[in-house]
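One structure follows; several queries about it will come next.
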Amino acid sequence: MKPDPVTHSAYRAKRKKSLVILTILLFAAMVIAAGVGAVTIPIAEVASILFRRIPYISKYIPNIGAQDVYETIILEVRLPRILLAVIIGGALAGAGATLQGLFGNPLADPYIMGISSGAALGATIAISYKLPSFFPGLSSVPIAAFLASIATMTAVYFLAGVSGRVSMDTYLLSGVVVSSFLWAVMSFIMMLSGDSLREIMMWLMGSLSNKGYAHVKMAFPYVGFGISVLLVMARDLNLICLGDDEARHLGVDPEPAKRIIMLASSLVTAASVSVGGIIGFVGLIVPHTVRMVLGPDHRLLLPASVIAGGIFLVSADTVARTLIAPSEIPVGVITALVGAPFFFYVLRRRKMSES
Amino acid sequence: MRLDAFSVCYNYDIITAVDNVSLSLESGEFVGILGPNGSGKTTLLRVLTGALKPWAGTVLLDGEEVHKMRPKLVAQKIAVVAQNGYIPFPFSVLEMVMMGREPHMARLSRESPQDMDIVFEAMEATGVTHLAERSVLDLSYGERQRVVIARALAQEPGILLLDEPTSHLDPGYRMEIMDIFKSLTRRKNIGVLAVLHDVNLASVYSDRLIMLNRGKKVAEGLPWEVVTKEIMKSVYGVRAVVRKHPVVGCPQVMLVPGFIDGRVEGESPKD
Amino acid sequence: MDANRCVGDSGFRMRSVILKGLVFAIIIAVFGAMAIGVSIDAEERGITVIDALGSEVKVELPVQTIVSIAPSNTEILFALGLGEKVIGVTEACDYPPDAKSKPKVGQVEMNIEKIVEMSPDLVVAVASMQLPAIQTLSRLGIPVLALDPKTIQDVLDSIVLVGKVTGTEEAARLLTQKLGKQIQDIQLKAAKAVAEEGRPRVFVEVWDDPLMTAGPGTFIDELIRIAGGENISCDAGMEWPEFSAEVVVQRDPDVIITIWQDVDNVRMRPAWKRISAVKTGRIHKVNPDILTRPGPRLVEGLSELLEIIHPGSLD
């Protein structure tokens, strides 16, 4: 019997098509997000401002906008925030998809390794002791959060690795213990600094408010590097989620692969938590939903989750900053409010299609 | 291609699991490993794949020490079919079988048409092509096992290690799958080393048998040399009658239950 | 651009009339508060008042020992000359400096046991934040006076109420009169400045990440209005909103006031470089205590705001 050429090409076409569709959706979401906000800007002006920035086609775009303030709002306020939403959404969803695969557990999320508690402690210290900032446009909070989360990542890694061979259970346990310890330290500091309590709480809820290109520049290299590593490791992840023995039988040494994946996803999480705070649900439901639609093959699941995470967070943040304008809602509130019911809808639909 | 183990020992802390076992396997051979529960069969298999480093002795794959080779190179030559493990996500059958090509692919490459041909051929061989788009989680145990075998075939191995691959299957599936393995030794000249529970099944399919007990090799040879009432008695502690398979001609064991006292060898047991 | 969303032209004129009348309202209210809700039982030398929670608070006179469980209350008590009688304050009570040497009864959570051990004649609390502590202390038989001022007028009323309960009516009357006069003075100067230069737009940055400001219902909002400014976030719909950065850019505040962050933090923000306040350097850091603590020092905050919003108008 000859292999079935239809199934083969259909399989590859499906992968390519879904990534292209997601990328188009991402750009659509970004353009819409750039056009919508607390300040109403005519759509023609939005288009003119945006497309005049693109090389090659810029000379064909007339400058119809008379108002400098619109340009500032779109290019300096909305655009960095949109870029940051894409980076953080992609980072969280990518790390979530990875950790779900690594632990073979669809309930894993990027915060499971205790990275967020490290970031939270760093932010708490910076906020309560009012650490001075060294970088223009960037307060000391994200920097302290990043350093503390990297320290946490290292601590969890070495505590889990004392026995030489790292089992995922040890890793999880180590993450939980370190995390509880750090939350306790953080609560203590918060208690001592009654003044900053509210600000720390706001930071913990996660927000993309008031971010500039400095934040984008801070997060992007780490997220970009970490996600690239994860994409390269995607096929190893396919085998690792079937168990250590299976992975080895199919040619992947599970120990070093797991360490690399672990560190890369921690790095990605650390960078995104540092600039965006703890934004829930993205890392849990985006990969889960993508898996339900596109299947569990990490070579497709990882890039698709990264793009879908960007779409989701950009959309959620657009709602967060427009719904009760001129006030804003913490984006974590929106991701949870939208995410939880949508998750149930997907679960239900899957159940119904099964029966 | 050949796999040789020389005086391999492996201990779990102070418990000796494999004790000074040597064996060899060549292309086209079907070798069965027998032994009671806890006799070290599975540990031996893991030492042979390089997953466990032997405490003493060496394992050579075509003359190269297995536990010093990169796992990817080992996986190009040795495929393993174990009992079904836990699969956390609904991979499709096609995706699952394609994983068998991983050892042959460069890190960032996609499957070439040749790879896909091999994958579909492997699915054909185990009769799972029609399931290609289905999730492995929706399959029956037997179907799933055939998917895993197809994945092993897609590895294009020279040697296939089996760890009780049919122990949960109905007789029909069991024979079907054992037939697949046997035909591989003939058609593709693959060497098969199978840890088996079922003495009769092992006897039917194996060219040679190895009997393990408490980590030691207690017998090795042709089925008639290993499947004897004495060895059945000393290894499994059972009274057995050994007869010739009327069709295949290999030895078959019939166990004598304890309640029939005084019966002697040579008489056919009652129904 | 939608300037004057908070104070329209006619609204502004009306408001200045109202503001000029405020001092009369204060005086009437002072006497009003004296007249209602207070009854002195001459025989027991006790006093019963209705506090901000609507509960009857019965206190034996004379009050000799007082515990304050909020910084604003501590400031009121000291301003009424009751510093000697205050035997317990919180870790956050840092004004006046004498308050810092008083025994501490808690930080965010109050140490109920310690307060009970002190068995003060009166505890002064904040109604909206400290309900559990208030209930527990009342149940244990300790008189708790809950204050909850929402406006400057409320603060003056609270001072009068504390005066009643502690037997310092005269001091309270003098203090509220003095504060009322200062407020009136600032109002007049602000009105004059507004007539000359209009109302500058003011943005108060409470926090930078997320960007938070003081919305309607806060003292800051009220103080800005009295000091002749327009709070650009007066339509935010809540007291302490996360606020849209692009709206700040669009509404282009003439003055930015920070209360926690350094001025540089605002000045270095790339997206804000077009904002008038940033271009003209009118970014000021103000001690949050005099803008947010509902005590007598709000008037200090008010005069500082006037100086910031209409420089030179105080002289």
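A, B and C label the chains in the order they appear, each numbered from 1.
Basically, a residue touches a chain if its C-beta (ideal position, glycine included) is under 8 Å from a C-beta of that chain, and two chains touch if they have at least 3 such contacts.
Computed from a predicted structure; not experimentally measured.
Participant: Component check with subunit A excluded and positions unchanged: what groups of chains do you get?
Facilitator: Remove subunit A in thought and the touching groups are B | C.
Participant: Measuring from CA centroids, which chain ends up nearest the centre of the complete protein set?
Facilitator: So the chain nearest the centre of the shown protein is A.
Participant: What is the distance in Å between the mean C-alpha positions of subunit A and subunit C?
Facilitator: 41
Participant: Whole-Å distance, subunit B centre to subunit C centre, using C-alpha means?
Facilitator: 82
Participant: Calculate how many whole Å lie between the centre of subunit A and the centre of subunit B, each centre taken as the average of the chain's C-alpha atoms.
Facilitator: One centre to the other, that is 44 Å.
Participant: Quick check on the complex: what are the subunit C residues that touch subunit A?
Facilitator: 91-92, 107-109, 207-212, 215, 233, 235-238, 240-247, 249-250, 252, 260-262, 264-265, 268-271, 273-274
Participant: State the interface residues of subunit A toward subunit B in the complex, per the touch definition above.
Facilitator: Per the touch definition, subunit A meets subunit B at residues 1-4, 7-8, 11-12, 101, 104-106, 232, 235, 238-239, 241-243, 245-246, 248-253, 291, 295-297.
Participant: Touching residues of subunit B toward subunit A in the complex: what are they?
Facilitator: Contacts found on subunit B: 46, 49-51, 70-76, 78-80, 82, 85-92, 94-95, 99-100, 102-103, 105, 107-108, 110, 113, 116-117, 119-121, 124, 129, 132-133, 151, 155.
Participant: Touching subunit C in the complex: which residues of subunit A?
Facilitator: 37-39, 68-69, 72-73, 76-78, 80, 130, 132-133, 136-137, 139, 141-142, 191-192, 194-195, 197-199, 202-203, 207, 209-214, 321, 324-330
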